[in-house]
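This structure is in structure tokens; I'll ask about it shortly.
Chain lettering (A, B, C and D) follows the sequence in which the chains are written, and residue indices restart at 1 in each chain.
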Amino acid sequence: MLYSLLLLVCSTSVFVSVFRSESGVLSLSSALAPQSGHKVCDAADCSSMKEHTVFVQAEGALHYRSPPPVGRGAKHLTTEQWTEQEEGRSVMDRLLRKCRIRNQLLRQCLAEGLGVYVMMLFGCGAVAQVTTTRETMGQYLSINLGYALGVTFGIFVSHGVSGAHLNPAVSLSLCVLGRHSWFKLPFYAVFQLIGAFLAAATVYLQYYDAIHAFSGGPLTVSGPNATAAIFATYPADYLSLWGGFLDQVIGTAALLLCVLALGDQRNIYVPDGLQPALVGSVVLVIGISMGSNCGYAINPARDFGPRLFTFLVGWGNDVFIAGGGWWWVPLVAPCVGALLGTLIYELLIEAHHPPSPPEA
Amino acid sequence: MLYSLLLLVCSTSVFVSVFRSESGVLSLSSALAPQSGHKVCDAADCSSMKEHTVFVQAEGALHYRSPPPVGRGAKHLTTEQWTEQEEGRSVMDRLLRKCRIRNQLLRQCLAEGLGVYVMMLFGCGAVAQVTTTRETMGQYLSINLGYALGVTFGIFVSHGVSGAHLNPAVSLSLCVLGRHSWFKLPFYAVFQLIGAFLAAATVYLQYYDAIHAFSGGPLTVSGPNATAAIFATYPADYLSLWGGFLDQVIGTAALLLCVLALGDQRNIYVPDGLQPALVGSVVLVIGISMGSNCGYAINPARDFGPRLFTFLVGWGNDVFIAGGGWWWVPLVAPCVGALLGTLIYELLIEAHHPPSPPEA
Amino acid sequence: MLYSLLLLVCSTSVFVSVFRSESGVLSLSSALAPQSGHKVCDAADCSSMKEHTVFVQAEGALHYRSPPPVGRGAKHLTTEQWTEQEEGRSVMDRLLRKCRIRNQLLRQCLAEGLGVYVMMLFGCGAVAQVTTTRETMGQYLSINLGYALGVTFGIFVSHGVSGAHLNPAVSLSLCVLGRHSWFKLPFYAVFQLIGAFLAAATVYLQYYDAIHAFSGGPLTVSGPNATAAIFATYPADYLSLWGGFLDQVIGTAALLLCVLALGDQRNIYVPDGLQPALVGSVVLVIGISMGSNCGYAINPARDFGPRLFTFLVGWGNDVFIAGGGWWWVPLVAPCVGALLGTLIYELLIEAHHPPSPPEA
Amino acid sequence: MLYSLLLLVCSTSVFVSVFRSESGVLSLSSALAPQSGHKVCDAADCSSMKEHTVFVQAEGALHYRSPPPVGRGAKHLTTEQWTEQEEGRSVMDRLLRKCRIRNQLLRQCLAEGLGVYVMMLFGCGAVAQVTTTRETMGQYLSINLGYALGVTFGIFVSHGVSGAHLNPAVSLSLCVLGRHSWFKLPFYAVFQLIGAFLAAATVYLQYYDAIHAFSGGPLTVSGPNATAAIFATYPADYLSLWGGFLDQVIGTAALLLCVLALGDQRNIYVPDGLQPALVGSVVLVIGISMGSNCGYAINPARDFGPRLFTFLVGWGNDVFIAGGGWWWVPLVAPCVGALLGTLIYELLIEAHHPPSPPEA
């Protein structure tokens, strides 16, 4: 336990140092960006999946067009109300205000990291609970629900800041579609990985007693008291490596197909507040229908981060050897699948939408 | 496995050739239709279940009436924004734009096919998971959830383009009610069938290792290692053929009763974004309450497409012989049931709504 | 089976004759009511739980106030659109138009009957599936979900016409609160009972083979092959009659407490389209937390209608004798509980809302 | 049973006397507060987590800005309608009107008490059902659902009046953030405790026969027939006290992290009507992923109220001795965890939102 605490501290310091160096790297762009508090929508490009035209100036008065009760808009105040509110702020609020980070990429990375952290905290936690209680306090459906709701609240936590990709394969697809910047891709991926790593560390801390009572000796990757599958995915005995690769491709393609449909407003309008629950439901149904072969990783960060953690903390080399060297499949196959799913949705549905004309 | 891959390629080519011939058949109507990109709503008649009056011109300014945050409306832009956006498009986006199909029926058929494909990918996948793991990774409720969420995301994928019938019996009812064109009915039905067929092929590919490890020999329709029920429905031992017919009639009647209520805005207003989840819930509760007799097909395409696939791929004639020649029941009974359900809802509820008057 | 079919026909004729006689009884009020199709809101008093001010005339233009995208409002059309739509109607639509019933009470009774029918079709169906498959295709949670979703879709079917009480105890509470007419109470209750009776008949038809295969002999109320509990509720062995009475009182009080909160717009605004799912969730959680003692009837019509059916069809006198003459408890206790729950909510929450002032 | 009835009466009288004394204590502030019925929003400060700008005066007409269909606004009427409605009130309504409490703190305390009561009625009820039926009518997932839906409807019952904290640790965090008054904190906490205590009493009444039939003798805290865990939480055998403390800290931190994200409109806009179900889902996923170690109390009132009840009613000193003096952990750790979760969300997400500017 000491070791893992140490590790936690150590990885946190890495986390912090990455922030700093990055602030350095990005200082140019952040210096160029407007710093004024009066910029209406500095988070504009982060909601990468949708572009709303929120305000339309009409005869001197602001009227809401499309989604009238938008979050950000709902907080706009008249000058008087603004001043009044400013005065009523709590001490805590003012302290927090001093920590404010203005660099947008850093904010987005923090949000992605926290989003994946929340997702994996609930997801891995559910597997830990089912495994260590030998299915007396939860069954396979609980694991599906754990990941589904984990995704849901991971999105709620990060959506407004980073667009809530939570998955390098999703970020990659959005880059290919031109809806996300290629420059940001590696930053997103690294912070997604860090979030998953830290979540695994937290679950290990929380279930430390339970995992050691369950395994009753050394931590193992296979056998009746195996616990490595709490953190990363391993294929079923019958599965061939290429069968597993295909499974991950199909699973991630299904994920992207549905997620792109949910975000395609010319297909069906889904309010922002419903999106997280629906994306969570996609993950739920993938777990229900494609989970038994090799545990539906469908996300390189979700699988590799915790696998790295188990490697470092005590499960050893087996985490990379098991399943015939399975570890690279959930890294590569989801990326292939994401592109395939994107292609199918674009070619069969989105490319054929009639173009929206300019208004007369 | 080779065989099935071959089959997939073969059926895809059929798919493609159908597209082409159809484009030919329909060239007249598509030539007559306006081709300009400036047509505001060429998908107008596809949202067959509801007609919104979205814009009302008032004193020179456009104001939203009923559902203000509609999807399509939300993308309308001023001329400047339009040009700007046009310039910022990605390479990918421009390539996709070149593949654009303008023929509406073809777009609708593709959407129906993809919708049923998604529905069956998750539905059959859930049965495959429960069957091949002998209920250790999912139980009957998982199957219900798999089909329910499959329907939900099948609707999300196709709703804006084809109206998301996903079921020939539903299309038939809408034709009878005058809300869908009789001309389009056979096209819809064929593409729904193709979607289900291809989904069965995909599930077979994904669970190839699992199915063969489970059956441990030839693929069978009955017995302890039977796997045919992963794809098509078979009646319980105790069930008479007419009992099964009645079951399918009642089940599909219940489906239509609820779906028509959900679409009847004079009864209760349900936002577009909630409809898919609610229709999925109808299928969930039908599976929970009417699934044990003969597996709630309640959809000719859902049952016959996969049955054909199992016939071709290795389960043989038994798929048509089993259950006393059961195969025709899920083809005929749902159509009868759909009409019965429609009649009940119309006669007890919808026919009696007070007519909406013209505005003064 | 013949017998039950006969019964179905017979009860349907009762259903029809009740309609007729009632139309007679009510002819005066319906004669006095305006018959013109131009009346904007003849269903105004049916949405008894909420009163919206939908339209406010302002400077010659109609603007939506509160809930802009209301169902009925969304269908209002300009005169031209109206004529155009009229011409485009299908034959079916015109035929249905001829069957139109203008008597509001009759429409409401039909809606209540159909709503309870849908609720019980799914609810009893779920119990039948779990019972006759000996929990292999569903467990207790499926039954909870069956009733919950049954309530949800029962509300969707009837909400806009009758307010979707679906429960004589709820109707009673609304009468006491002055939100429903005492005159209508007996009509509502009778049609709720008829709906439950007919649903029990349908479930018996659908599960005829299954029930007889399961019981393997005479239909029984107790013992290992008992099937009476598919339709009506029976108390657990350990339960005293007064313990069961208290259970029903607490359960129905909890129901009303939550339902009144959901309908209280000064507490929290819940869109119409969400209400059915939330009321269904109330029934779900009551089943999860208060179902084991005596089966959470919490509804006189839900319990007595099916009990009567089982009495007539072959289970005999035992349905009234079992559980120490249990049958009257789910008739009386829910009414007491509904009033208690109403009183608690009103006294602790609703009575203290600040009054809404008239607009300046 | 007599004893517990007596206890119920006794605790109710305490409840009432607290009301009175408090009215006394607060008479000054209530005398100073405006008593007129024309005050538009005397519940303004209770919706502590959000501030909407509901009305904006524009050219003499009131137009809704942000959330147009707000609950309270929807009830505003013109003077004529007002008078008319006043005359049409039922007798019951007028009687209730006489009981109206104008003191806002008392109203809020009543709402918090009732909210926690509803939450615990369903939550403890679900545990009672699963325990006393030895998992034949519900499993661990039912308990998770019971608490999740309990939280949902607890929020629905109290949201508009008290802001629905339902948890002293949540109230504490909101005080630290300056979104809730420190003065009100002890009142909220006491009424939350009372609500939980009374709910435990009600569940004991409802399951009196079941609990005594199950335990078959004296009520015990441990052993095969233990029933104390129906009411309060106890740690698993393998868990160290500090492991349990850490578990509670992590669990409550996760709760606050998600709840703050749901309430942060600059992150993602969630309509009021969806919030209760989403907060319930947070509790669901915490139960699914963090429930096996020590029963996810994550709420001092939820645990201590029922523990006190079991101590008084017959389980004796063991409820405080069991688990190595476990009882204080769910009192202290959730407060620490709530502050930690608040800090993480504020430092990683909320502090960095760009400030909303005053409108031009």
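Note that in this section a contact is a pair of C-beta atoms (placed from the backbone, for glycine too) under 8 Å apart; a residue touches a chain by one contact, two chains touch by 3 or more.
Since the model is a prediction, treat every value here as computed from it, not as a measurement.
Enquirer: Look at both sides of the chain A and chain D contact and report whether the same residue positions are involved, with over half shared, or different ones.
Expert: Different, since most residue numbers here occur in only one copy.
Enquirer: What angle of turn lays chain B on top of chain C when you fit their CA atoms, given in steps of 5 degrees?
Expert: Roughly 90 degrees of rotation.
Enquirer: What's the farthest chain from chain D if centres are computed as the mean of the Cα atoms?
Expert: Following the centroid criterion, the farthest chain would be B.
Enquirer: In angstrom, rounded to a whole number, how far apart do the mean CA points of chain A and chain B lie?
Expert: For chain A versus chain B, the centre distance works out to 30 Å.
Enquirer: Please report how many Å separate the Cα centroid of chain A from that of chain C, as a whole number.
Expert: Computed value for the inter-centroid distance: 42 Å.
Enquirer: If a residue has to touch 2 or more other chains to count, which residues of chain B qualify?
Expert: 64, 68, 139, 141, 271, 274
Enquirer: Line, ring, star, complete or other: which one describes how these chains touch?
Expert: Basically the chains close up into a ring.
Enquirer: Can you check the complex and tell me which residues of chain B touch chain A?
Expert: The contact residues of chain B facing chain A are 37-43, 61-64, 68-79, 81-83, 85, 89-93, 96-97, 99-102, 107, 110-111, 113-114, 118, 121-126, 128-129, 132-133, 136-139, 141-142, 145-146, 149-150, 152-153, 155-161, 202, 205-210, 213, 271-274, 276-277.
Enquirer: Which of the residues in chain A end up touching chain B in this complex?
Expert: 51-53, 56, 58-59, 63-68, 139-141, 144, 176-179, 236, 238-240, 243, 246-247, 250, 254, 257-258, 261-262, 264-271, 274, 278, 281-282, 284-286, 288-293, 344-359
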